[in-house]
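Just so it is clear, A, B, C and D label the chains in written order, and each chain counts residues from 1 on its own.
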Amino acid sequence: MDDMRQVSLLTRYTAVRDRTQSLVAGLSAEDMLVQTMPDVSPTKWHLAHTTWFWETFLLRENLEGYQEFSPEFNYLFNSYYDGIGERHPRPERGFLSRPSLSEVMDYRAHTDAAMARLLAVDQDSKNARLEPLIQLGLAHEEQHQELMLTDIKHVLSRHPFAPAAYAGGDAGEAAPVGEPGWVGFDGGEVAIGIEAGGFHFDNEGPPHKTILTPYALADRLATNRDYGDFIADGGYTTPSLWLSDGWARVRSEGWSAPLYWRRSETRWEEFTLHGQQPVTPDAPVIHLSYYEASAFAEWSGARLPGEAEWEHAARKCRGADGRFAQAGISAHPSAASPPGSGPTRLRQMFGDAWEWTRSDYCAYPRYRPAAGAVGEYNGKFMSGQYVLRGGSCATAPGHVRASYRNFFPPEARWQFSGVRLARDI
Amino acid sequence: MDDMRQVSLLTRYTAVRDRTQSLVAGLSAEDMLVQTMPDVSPTKWHLAHTTWFWETFLLRENLEGYQEFSPEFNYLFNSYYDGIGERHPRPERGFLSRPSLSEVMDYRAHTDAAMARLLAVDQDSKNARLEPLIQLGLAHEEQHQELMLTDIKHVLSRHPFAPAAYAGGDAGEAAPVGEPGWVGFDGGEVAIGIEAGGFHFDNEGPPHKTILTPYALADRLATNRDYGDFIADGGYTTPSLWLSDGWARVRSEGWSAPLYWRRSETRWEEFTLHGQQPVTPDAPVIHLSYYEASAFAEWSGARLPGEAEWEHAARKCRGADGRFAQAGISAHPSAASPPGSGPTRLRQMFGDAWEWTRSDYCAYPRYRPAAGAVGEYNGKFMSGQYVLRGGSCATAPGHVRASYRNFFPPEARWQFSGVRLARDI
Amino acid sequence: MDDMRQVSLLTRYTAVRDRTQSLVAGLSAEDMLVQTMPDVSPTKWHLAHTTWFWETFLLRENLEGYQEFSPEFNYLFNSYYDGIGERHPRPERGFLSRPSLSEVMDYRAHTDAAMARLLAVDQDSKNARLEPLIQLGLAHEEQHQELMLTDIKHVLSRHPFAPAAYAGGDAGEAAPVGEPGWVGFDGGEVAIGIEAGGFHFDNEGPPHKTILTPYALADRLATNRDYGDFIADGGYTTPSLWLSDGWARVRSEGWSAPLYWRRSETRWEEFTLHGQQPVTPDAPVIHLSYYEASAFAEWSGARLPGEAEWEHAARKCRGADGRFAQAGISAHPSAASPPGSGPTRLRQMFGDAWEWTRSDYCAYPRYRPAAGAVGEYNGKFMSGQYVLRGGSCATAPGHVRASYRNFFPPEARWQFSGVRLARDI
Amino acid sequence: MDDMRQVSLLTRYTAVRDRTQSLVAGLSAEDMLVQTMPDVSPTKWHLAHTTWFWETFLLRENLEGYQEFSPEFNYLFNSYYDGIGERHPRPERGFLSRPSLSEVMDYRAHTDAAMARLLAVDQDSKNARLEPLIQLGLAHEEQHQELMLTDIKHVLSRHPFAPAAYAGGDAGEAAPVGEPGWVGFDGGEVAIGIEAGGFHFDNEGPPHKTILTPYALADRLATNRDYGDFIADGGYTTPSLWLSDGWARVRSEGWSAPLYWRRSETRWEEFTLHGQQPVTPDAPVIHLSYYEASAFAEWSGARLPGEAEWEHAARKCRGADGRFAQAGISAHPSAASPPGSGPTRLRQMFGDAWEWTRSDYCAYPRYRPAAGAVGEYNGKFMSGQYVLRGGSCATAPGHVRASYRNFFPPEARWQFSGVRLARDI
């Protein structure tokens, strides 16, 4: 292990931390305080919580002489770690006018300075030991970068005048994507989970074998046009298409379109981080719940993929990626590129929209969470949620991989979640 | 009507508007955005709504060439006037990060400039006609000044570290107030409602006669010591003291002390606008619901006064006033001054704490609300609420009078509401 | 005090108790168990609770050697008397399959036999003392007779096929009642409350004076035709007609007609105790909330009467009564008889429909509830409710009087509640 | 196919239908009407719904000249089949005092007579085609037999005096069962799903292969003693043992023991179908949610089995069964028999308590539900539920098999659900 790697860790740390702040450049302290539902956290809270993570899991125990910024922050900015102690109730994060945004920014600077000392080049041997935790912290901060986008989108969507978070975002004219092609897989006994090299979350392993029967995946994400056909054909009024829990939700919540769609007199519009816009027919449909994805698949004569099917295909056949959350912020999906061929035919497997799988979020065989509070990161959420794969237009570039497992409850709609069809062959 | 009165109207307008802004001097834009329950409005919303009131009821129709500041504000800052049109849902006022505080302050300045034109001296004849509406606007803004204090108190109380809104507030040592004296009244046929001269709300009239049987009022407000005795004697665990609805509320909400009281290991403390403080035994108890006031009166072998009893007494026997919300902001009640004698023996009839009466908030005989949207000011709330009298330590000096009727639902506790005992004689 | 009076007390007791049972003749044990909302009690529970009342307030302390029927019943059938002890939660009365109806009937027989011993002729001196309590028990049982009708009506209305509780009920053709006349009163200082002689509840007194300004009352109840005009004119979609709380309720509950009205393709129908029937235009409208009564009055250019106005008028000008709950059970209102003249012009002041007044249910001057548990009968409900006057088609004949005060929360619609208009003159 | 098989189908039909009625012998019409929560159906509703199933899926289309008993019953007794039409809301099943129990019994007799005609010996060829549907009807009725027990247990448990549904049930003294032994399995590629021969539900197939890593199962169910140790060791107050959703539920519902356990002064007691009884330490613990089963396993240093692990073991190593719901009704689990040895060492794999697995209830590869309304039987519930295996003391003897999949939401506690530990080896 040489100095270069240490330099590189600090560089990487700085890049990730800077990216977090670049995402909030156009928002005011007031924007960053609002919480529109318990699932949503204020942007300011994300800025502080990611900082608390570094302080709690790295600095407190590993940087000699580290002075915590404020003893109160351990209560305010702990998200869900029972092992760390009591914490502020999630639905009341929007009550935290104090600390002010400016104090939170000071907290970030204080912590960044300490992290720079921790990651200094003369800390070689120590940091070799810490590297997994540092990698986790970086991935954690990238996850919250995406949550900041999903959450501020919800916040602005509930404002009566639906302001844009970011300039730009004009989807422009796209060549029609046409009908999806189907890419078939023989299945059989396949390898699933962590591949050698690089960081991964504990829930991506242990690597193991599973058995798949022959199946095919659509070579692109379902589009707004596809989904509009489902709506026009009575998708939201036909109970036989729906899971029982999904149909109950349709009725109790009055669902009749994806979360951010609104019908104007002449067309469907949707709220985006770039403001209110007409729905682009060829772009991927997003902000679907699992229930909607499942009903759409049923209506299409298809089904949702299993997560092992998806992962096996992603390893074999990755083609052109979709859009990630790029510098300058374009956080809205775009139409698929033209179809590929040969072994790289699966477009948009990564980026654009998280893809609901029909797999519940569960432990892989012989999975054990890490000891201590950091073990609460993933394991305790393994009930009542479904796995999504592939990342979205709100995901940091480079963040996801074939084994990456995202998870949300089946009724969640405020994530950038879409659907790729699968079928048995 | 001469120029002097016009000058005086503008002067008065300016003073009231300035006072509003002086109340928020120590608060940040973030503090002013938080909404902790549907009953609470963000401070920023109050700043804008009071401005909207001037724009809507005065400027729009009466100032030629008036340019509204923003057409959207009519939707955002209408409180409850169905006659004006659709409006933003009350529980979502805390979602309004936009307009920013700074834009709201611009809105205030824009409106103040227009009002200065409206109230200019050459507008004599017009303003004679408008004066009642202007007086209403001033009273309205003063009411919201008090609501700003009650609401920001709730907001800060829900912050885990209970910060102070204002410096000062040390109650210091007070001479013990001793047992209350009782001041008796013969009753009989008495006059109630508006007295000649000066502004009043429509709900204070028409003036009329009512019949009172002989009664007595305590010569001071109930104190924290009195109320602490009630608690220590099992007040919150003895159903026979409570109205049926009150007892149900005690159990469903888990009430065991006034809203802002917290038991430390050694003593009762209470949250105030000046931060967390020990409860001062001789100061008036505040933040009681009607149900608590009623149970306390029952325990005391007394009852709550009727609003006519209170008003008749206030006209006859006003003694030393309590505290109002003074410049420099001291918004917490203080112990009663020493007992008076003769016809001015009733201390604290005005100021310190609103006094719950046992009178429901109803229309006086032959009451009719004004025509148009302004008629929604008071009349449509005449169900399910009880009358409070006398003003509080959060009320603007000079705002209340003997005929003034405040009203809140019986479960409300976030107002500066206390209790004065009454009994039959 | 001679034997005759004692005989008469027992005779009266027997008649009231028999009447209770005659009301349930057509119902099965299953019908008598259902509870469709917390406000509704199962018929079987009423049968047992009225019996428990005699056992608890009369027999236990006054009949030597009385053996209680079952020690468990004190827990099951106490309605709301905290002074008696813990009790079964009201919303779970429908869970009480045991005791069976047959056991409850045995309980009634056991108690009736004991009451016959208590009321035997040789108990003279004791019963003179007990008479007020016995009168209270009789009035209590008659109140529950009405509640049994209101509650079983709700129970059957929630059955998908809306079965009839009783045969009969065909309203037949009625002569059109025409526009209401108005009967004026000078007001001034008038006497209110208990008149000499006969039983009364404590809340009807003490007798006292109040002052009324000149007013008029409609000489009949508002009819279904009147109310249909209100609906057709947009009554349920015009916020300016409504109290603020009422309008909130219209929207949250989706009210668009009286509780039991349903629109068929061609006409309004209503559920009655005699089954589903077309709405009779000339019969009084019933099953209105206070909010609906108030909005209808506003739309009519009138207002609701105050309870003192009503009582004063009832003493002066009682004309033809409406319908009470007669033998053979006809529990639906009928059209008013032709207008009277002279001092008896006020038709339907008694019977047909309880009349909402705009008076909140409060204590009269110097009112004190009785000592002990029986004091919980009325006093603890004196908040959040409005007074209704005059009795209804579900009230026992002879039960009401001019000073009688019924009371329900303003949102209650399942009582036989209607409206008589009033106005200032 | 000969006459014998037909006779046998009718015999089987009659036996199942008779068993249903034998289960309600000790209950009154009132007991059979109560609904204590939306999940619970009244016994009478089960009696009618099972009958409706025969009428709807067999008689209506297959018995010439069949006269339906009542056209209204199709609305009242359809459980959840959207393909059949509108239906009565589930939470209001307890409102159905009509039809009476006696009419429902007539409905059963009417339907049984028609089924006897359908299953007569001269219907050979037709019934060969119908046999799968008849088998489904029989299994369906047996499932409702178990639900009748779980539901009436809940109903009686909510009665304040906790009456017994059935006599008997004294667990008596049992030999201590001792610590569980562990039975290991190599795993590898194993066969899962329907075995040849006999009836099965569609969700048990298609048969397929899956891969298991080496694991062990406890050779008996967890006992009340085991679970009592978990409680005594702070199981319900230690968040690190719980899934996140489970811990939230512990706090929101106040869970501190299994559903029917109550702490007396000296011991744990539990409500059973045989009344209130002391908890038997050696009997299996029942009425656990998935969350509680999972936390208990974590505390035990083990985990829940996967459903494939369970099924593979059940095929290999079935030992002594536990208790099923026997004639004369004993519906409470009993202590395990002494340990076995060799290939039949797994005690209580069947009977006593349903065993929570950590497998979500999902479609097996290539699963497709049947066409038509009957396809709604299982498939539409494949979200948000977990699989339980093995049957319980409330299950009909002969009802379950190794491939049988029961399923309930993770918070459900009113089923006879327990836990068998598993671990990796």
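Of note:
FYI, contacts are C-beta pairs under 8 Å (C-beta built on N, C-alpha and C of every residue); 3 or more make two chains touch, one makes a residue touch a chain.
Keep in mind it's a predicted model, so treat the numbers as computed, not measured.
Interface of chain B with chain C: the two copies contact each other largely through the same residue positions, with over half of all numbers used appearing on both sides.
Separating the centre of chain A from that of chain C, both taken as means of CA atoms, is a distance of 60 Å. Here the spacing of chain B and chain C, counted between their Cα centres, is 38 Å. Between the Cα centres of chain C and chain D there is a gap of 48 Å. Across the assembly, chain B contributes no residue in contact with two or more other chains. Listed by chain label, the pairs that touch are A-B, A-D, B-C, C-D. For chain C in complex with chain B, the residues that touch the partner chain are 80, 82-83, 189, 208-213, 239-240, 242-247, 290-291, 294, 358-360, 362-363, 365-366, 376, 380-384, 410, 424. Within the complex, the chain C residues that touch chain D are 28-31, 33-34, 36, 72, 75-76, 88, 92, 94-98, 100-101, 155, 158-161, 163.
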